[in-house]
Structures are given as structure tokens and as C-alpha cells.
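Each of the next two complexes has chain A plus one more chain, namely chain B in the first and chain C in the second.
Now for the complex of A and B:
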């Protein structure tokens, strides 16, 4: 049975979708079948990183939620764009993406009508089974909302991403308390956008002792990723960059190949 | 870590746990299995009921801890019809006491159709409160200085069970009123024997109204859970009926709740339940859960075909039959939590 990993942040702009995409590619490269579900129905974005364009998308997560298709019909194989050529018969590595619709009327409908959040769990379970996944990654809308809470509840591992910023520090308390109440014992923390010259060890120690949770990644503030502007997968473009090496370290921990 | 309890937060977190619960997977399986059975047809004795979508299928289960798991068309509204009968019987008990009620209504199952015009020859009482005659006698007992007050008291009673105010389907109500000749005849016959009082025209109006109240499968499950939880709504904490009367309702539901299928139901499924021709069934597992189902395809006896299938599946999987004393199956209460 595949495992579910979800990536959350309390505030926007923490680099959540980029982290998710880069984790997915790095995990897949270890020879896994991976899917990302973009649960950010209000402001979808991860499809851009995988260059999945409108005319390729027949069904989205929205169509599944409205009962117009089975969830696997909304999953697109993005292996060639993110990993490169693999044999057409090769089962591994593979990456699939289930996008949320970026049509204005669909976003409007989600906000106006809402949906039964329990359907998401039904969809995740079915996707793992139908696509024979090893890992399902969930990208969520920032802050606390129903899809965030649901994905925290059902995930095997939860990553909370934050910047060294007082607003993020305060917000993470809320998410940690909710995770605790939902029975998730140990969400991982990832610090992103650490400015050059900051005392990394001091920061790690401060965060770990404040929250009693392990920091499994310390990602540097990264001008190259800004320049890339979500037009590609960072770990592919910059294989030796410290950011890429740190992503590798996070993946090793997530897959149990390294201990903290 | 702060763990102060808050009703809104608890409800939100409970919803997430239910979405992730093993019980949801079981209900989805049952939903897709019973969906294949397209036997039975939608009630058409009044034109308004014939408009129901025969494909609708909803299942909801609410535990005595107030956790709910719902799948399919659990939030599609339909009229309560005969499902209302045990609850109005309960209001009669509450208003007049057991002794007074039993003078006017029996508790004896009867092998006749729900709308038969027969009374017990020895006592002139209707046989039980689950057939139309007994239900009309029961609603006649509902107190109030005039019709609006009686309507209001009845709706308030249902609100306590469901946890929110209820609406009436005016189309169905008008239809019931326009075609309710048989129920009028039953009322006149009982009036003749003094089994109902001089306000019987008002009482008939109340009866048509109780049949036309809109509920969902989730509402029925909550009503069932309230009975399972000794009369207290597990979600709001509000009492809907005195604990001492809960067994009165459950006994007549067990023996007479499924029209003239009741004996078979008691044997095969073995939990108190009440069905309605709107397509709903409410079932109660005392001390554990309430079950609400909605599927408007009815069998020849007036029970929801798929509703019966769902209850049978649940009873088999979790050994819910009241007389089943073996216990190797998992408890349904353990199925609400993910971790």
C-alpha cells in the first residue's frame, strides 16, 4: 500500500508547491511511482511547474469532486517532462499529476458551493490503488481549511513548511495543535528561504526547541529558483545546488533511508 | 499542547476523522453493492411522490458519540411519511402518559396493510401506532390550544431529534390533503368510537403535515442515534424524549415498524426500524448508532428495497441483530476512527 505525504504551510508564499514538485521528482528518481494531487482548489499552481497546459487537461480534480469522472481519469503522466525518457513499458519511475482546474468558473463554483471533503479521501485511496502508487503527495491551499485538515488526518507523513519569519512561526502553532488533535503525532518541519549569513544551527535549534518537532530540511533563500519562476523543476536544472542536495536529504528521511 | 474542548472545533475535527474512518470505506462498498439492485418502484399513490429520482441512494450512520459517516445522496431531502409515526407516538406519550395512550392505541402487530380500516373489535382501538389508524390516534393526543400551537409543538419535537429546524414540502402536503379520503374515513370511524376527540379535522391536518416533513438520510440517522442515546441528541446534547419512553418507541418499531414485513425484518435484521413510502428508513442499534437510508424504490409492501439491503449488510458485517450474542465481529463503534 502506497504512503501519503502532505505538504502544508500556514501562510502563502512559503514555497510549498515548489517543494512538493521537487520532492516528487526526487522520490520518483529513486525508482518509485509517485502522484501529486493539487488540492489547492482556490489557487491551483503546481501544474505550471510540470508544464501541464489547458488543452491537455480533459478532466481535473474538480470534475472528480462534481462526479463527472473517476479520479484516475484526471491523472496525467508527467514523467517525460520531469524525469526524461523512460521506456514506454517501464512501470518505474513514473510521476502523475492530478491538477485542480484553473478555469475561473470552476474556482468560483468551489468557493460558492463547497464540496463533500470526504470525497477527497475516497479519491486518494482509489488513485493509490488504480495507479499502483508508492507515494501520493498532496499539495494544499495555505492556511487552515477542510482539505488541509483532511489531508493531515489521512497522511502517513506531514511536512509543515515555514520561513524564518515571525508570522510563520506563530501560524505553525495552530497547524501543530490541529495535527495533534487529529492524532498526527509528529509532523516534520522544513525551513525555507533562509537568508545567507543566518546562523543555521542556531535557527534549527531554536525552532526545534520551540515546537518540539524535528526540522528535516533547511533550504536556502535561492535566487535561481526565483529566476526559474516555476517554469521548470529546480532539481533537474541545478543537480548540484545546495537546495537540491537538501531536497535529497529530506527525501532520504521521508523514505526511511536516513534517520534524523 | 493546548487541548481545550470547543464544540465547533470538535465537530470540524470529527468530520475529518469520519471522512478517514474505516466505516466510510465499508459504507462505500455497501453503497456500490446495493446500487446494482434496481428492483422496486417509486411510490405513485400521490403524484408528488412519483417525482422522486429512483436512482438516489444515501446512507448515513450517527454514533451515540455524535460522530457521523455519510455516503451517496445522504443530503437529498425527501418526505418523512410513515417514518414520522414512532416519533409522534413518543410525543403523545410525553403529553398524556403511557396509561392514557394505551387506552387509545394498541401495541399489537397486525398482518394487514398499513392503510387498512380495521380496529380491534374488543377495544375499538387501532392495533398499533405504526399503521395509519394508530398514527392518527397518536397525533390526536398531541396537545396545544389550537392547530398552530400543535403544529409548532410537533415541529419542535422533530427539531430536537434532528438538531435543526425542519421544512415541510407543500406540494406533498397539498397532495396528501387532496387525496387523503381513506385517512379521513379512518378518522371518522375512530371518532365514531370516541377513540379520537372532537378536534379530529385538526388532527388530520397534523397527520398530513407530519407525513410531508422534509428530512435527509443524515437527519434520519441523527433521529435514530437520539433514540440509541436514551433520548438525547448526541450532537446538540438536547433531550428529544424522556428516557423512560424510548423503549416504548423501540418496541413498536421492532414489532410493527416495517409494515407487513415486520416479522420477517425482526427475524432477518433484528433491530428496531421504521420505513416510509418517501423512501426513507430509520433504524436504531440501542446504545450504539442510528442508521438512516434513502432510496425511493419500494417493494410491494412499501419498504425501500435498497434500504432493507443496506440494513441487512450492516447487520451482517457488524453483528447488529439484537439477539446475536456472539461477538467475533468488529464493533461498529470502533469503525469511526482512523487511528
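Now for the complex of A and C:
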């Protein structure tokens, strides 16, 4: 049975979608079948990183939620663009992406009407089964709304990504408290956008002692990733970069190959 | 430490970038006044700054900031009346007024390198969490109907009969 890993942040702009995409590719490269579901229905973004353009998309997560399709019909194989040539019969590695609609009308409907979040749970389970997934990654909507909390409760592992700034710090505290009340055990923390020269050990100690949670990744503020924008997979483009090596370390912990 | 530091430096920071704009160095002193009047040890001409806005005093082995300013003195967004001053502490005169940073010992040894003007790489006080304030936020969300529904649903799935959820030791 595949495991569900959700990636969450309290505010936007933390680099959540980029982290999710780079984790997915790195996990898949270990010979896994991976899917990402873009649950950030109000501000979708992962599709851009995987260059999934509008005319390739027949169904999106929105269509599944409105009952227009089965969830697997909204899953697109993005292996060739993110991993490279894999034999058409090869089952592994594979990456699939379930995008959210980036049509204004669809986004507007989500904001206006909401949707039945319970459907998501069924959708995730079905997707794991239908696509024979090893790992399902959920890119959640920032904040602590209902679908976010649901994603957290049904995940096997939860990653909270934050920047070393005051607002992210307060927000993650709220998220951790709520997660604890929902019985979610020990979310992992990943620090992103650490400015050059900041005392990494001091920062790690500060975070871990503030929250009593483990920091499994310390990602540098990364000018190359800013330049790359959302137009590609960083770990592919810069295989020896400290950012890439840290992603590898996070993946090893997620897959149980390394302990903290 | 019984004697005051050899030297105390106060820097005026650019509020947008955190870069130092001006510095004042005082040696072998036990009291420094900061305000708008020209007779202060450090005189800052700004409408947010009172004639005598703060005093920095060396007391019982450490430096203390005492605020007198009408617009208050602020540290990490909180108004302070009297607060211990550690090396590199940043305080603000008035909620929108000038920002100052306090250094003990010699400036050459104390200042962060050129690329790090807008934060201190060894101090993480700015990441302190106001647990009391956030408890209200947590409570507000936790009392909402959707949260309670989710909680009940989760408890059913996990087979936990009591409403008190403790951390499940099986998920480590």
C-alpha cells in the first residue's frame, strides 16, 4: 500500500510547490511510482513546474470534485518531462500529476462554493490503488482550512515548510497545535530560504526547541531556483547543488533510509 | 561582569534594508541617553522621538534599556518599558520611528559581515513565539464546527473512544 505524504505551509511563498515537485522527482528516481495531487485549488502552481499546459489537460482535480470524472482520469504521466526517457512498458520510475484547474472560472467556483472535502480522502485512496502508487504527495493549500487539515490527518507523513521569519514561526505553531489535537503524530519540519551566512546550527536548535519537532531539511535561499522560476525541476538542472543534496537527505528520511 | 563593557556602540539602521546608517561609540560609560534634544549622548532628530526617549543603563552587571518616550520603545513589535539589552539587540523608537541596534565591545569585532546587514546571523530572538496570543487562534479554529467534525471522524478511524487525543505512539 502506498504512503501519503503531504507538504504544507502556513503562508504562501514558502516554496512549497517547488519542494513538492523536487521531492517527487527525487523519490521517483529511487525507482518508485509517485503522484502529486495539487490540492491548492485556489492558487494552483505545480503544473507549471512540470510544464503541463492547458491543451493537454482534459480533466483536473476540480472535475473529480464536481463529479465529472474519476480521479485517475485527471492524472497525467509527467515522467518524460521530469525523469527523462523511460521505456513505455517500464512501470518504475513513474511520476503522475493531478493538476488543479487554472481556469479563472473554476478557481472562482472553488472559492465561492467550496467542495466536499470528504471526497478528497476517497480520491487519494482510489488513486493509490488505480495507479499502483508507492508514494502520493499532496501539495496543500496554505493556511489551516478544512481540506488542509483533512490532508494532514490522512497522511502517513506530514512536512511543514517554513521560512526563518516571524510570521511563519507563529503560523506553524498554530498548525502544529491543531495537528496535535487531530492526533497527527510528529510532523516533520523543513526550513526553506535560509539567507546566506545565517547560523544554521543555531537556527535548527531554535526551531527544534521551540516546537519539539525534528527539522529534516535546511534549504538555502537559492538564487538559481529564483532564476529558474517555476519553469523546471531544480534537482535535474543542478544535481550537485547544496539544495539538491539536502532534498536527497529529506527523501532518505521520508523513505526510512536514513534516521535523523 | 561587574564593569561595563569597554565600549558600547549604537547603530542607526535603515528601516527598509536594515543597513547601518550611522553609529555612535561610547567608552567606559554607565549611562547613555538617547533622544531628540541635542544634550543627549545620542541625539536623533525624528518626529517619533521624544526629547529624552530612552536611557541605556549599566546595572548589576548588564545593560538595561529604560523607555521614557511618548511614542514608546518597541522590540520585535512589542512595546517595552524596561528590558535587558543583550549584544546586538535591535529596538525602535516609536512604532514607526528609527531602529537602533546595540553592541557591546568593539565595533570591528561585533558587526556582521557585509551581506548580512538586515539580520543578525547568531540571534534568533525574532523567532520567539507568543504562545498566549496564538492559543486564542488555536482555540478559535479548534472550536469551529468543521474542526470538530474532522476530529470526530479521525477519532473514529483511529478507534479512539475518548475525546482526549494523545499522540499515537505507533506512528513514530
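In the analysis below, the second predicted complex is superposed on the first by the 260 of 260 C-alpha atoms of A that agree within 3 Å, B and C clash if a C-alpha of one lies under 4 Å from a C-alpha of the other, contacts with A are read in each partner's own complex, and residues count from 1 in each chain.
Simple rule for what comes next: a contact is a pair of C-beta atoms (placed from the backbone, for glycine too) under 8 Å apart; a residue touches a chain by one contact, two chains touch by 3 or more.
Given the structure is predicted, the values throughout are model-derived calculations rather than measurements.
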Fit or clash - chain C, chain B, common chain A: clash
Partner chain in contact with A:183 - chain B first, chain C second, else both or neither: both
Partner chain in contact with A:206 - chain B first, chain C second, else both or neither: second
Which of chain B and chain C A:197 touches, first, second, both or neither: second
Winner by number of chain A residues touched, once chain B and chain C are compared: C
Partner chain in contact with A:253 - chain B first, chain C second, else both or neither: neither
Chain B versus chain C as contact partner of A:170, first or second or both or neither: second
Chain B versus chain C as contact partner of A:69, first or second or both or neither: neither
Contacts of A:122 with chain B and chain C, given as first, second, both or neither: first
Overlap of chain C and chain B interfaces on chain A (superposed complexes): 146, 149-150, 153, 177-178, 180-183
Chain A partner contacts - residues on chain C that touch it in the complex: 76-77, 112-113, 115-116, 119, 121-122, 124, 126-131, 133-134, 137-138, 141-142, 146-147, 150-151, 154-155, 158, 160, 165-168, 171-172
Residue ranges of chain A touching chain B (in the complex, touch as defined): 117-118, 120-122, 125, 146, 149-150, 152-154, 176-178, 180-183
Contact footprint of chain A on chain B as seen in their complex: 1-3, 9, 12-13, 15-20, 24-25, 28, 70-71, 338-339
Residues of chain A defined as touching chain C within the complex: 144, 146, 149-150, 153, 156, 164-166, 169-170, 173-174, 177-178, 180-183, 185-186, 195-199, 202-203, 206-207, 210
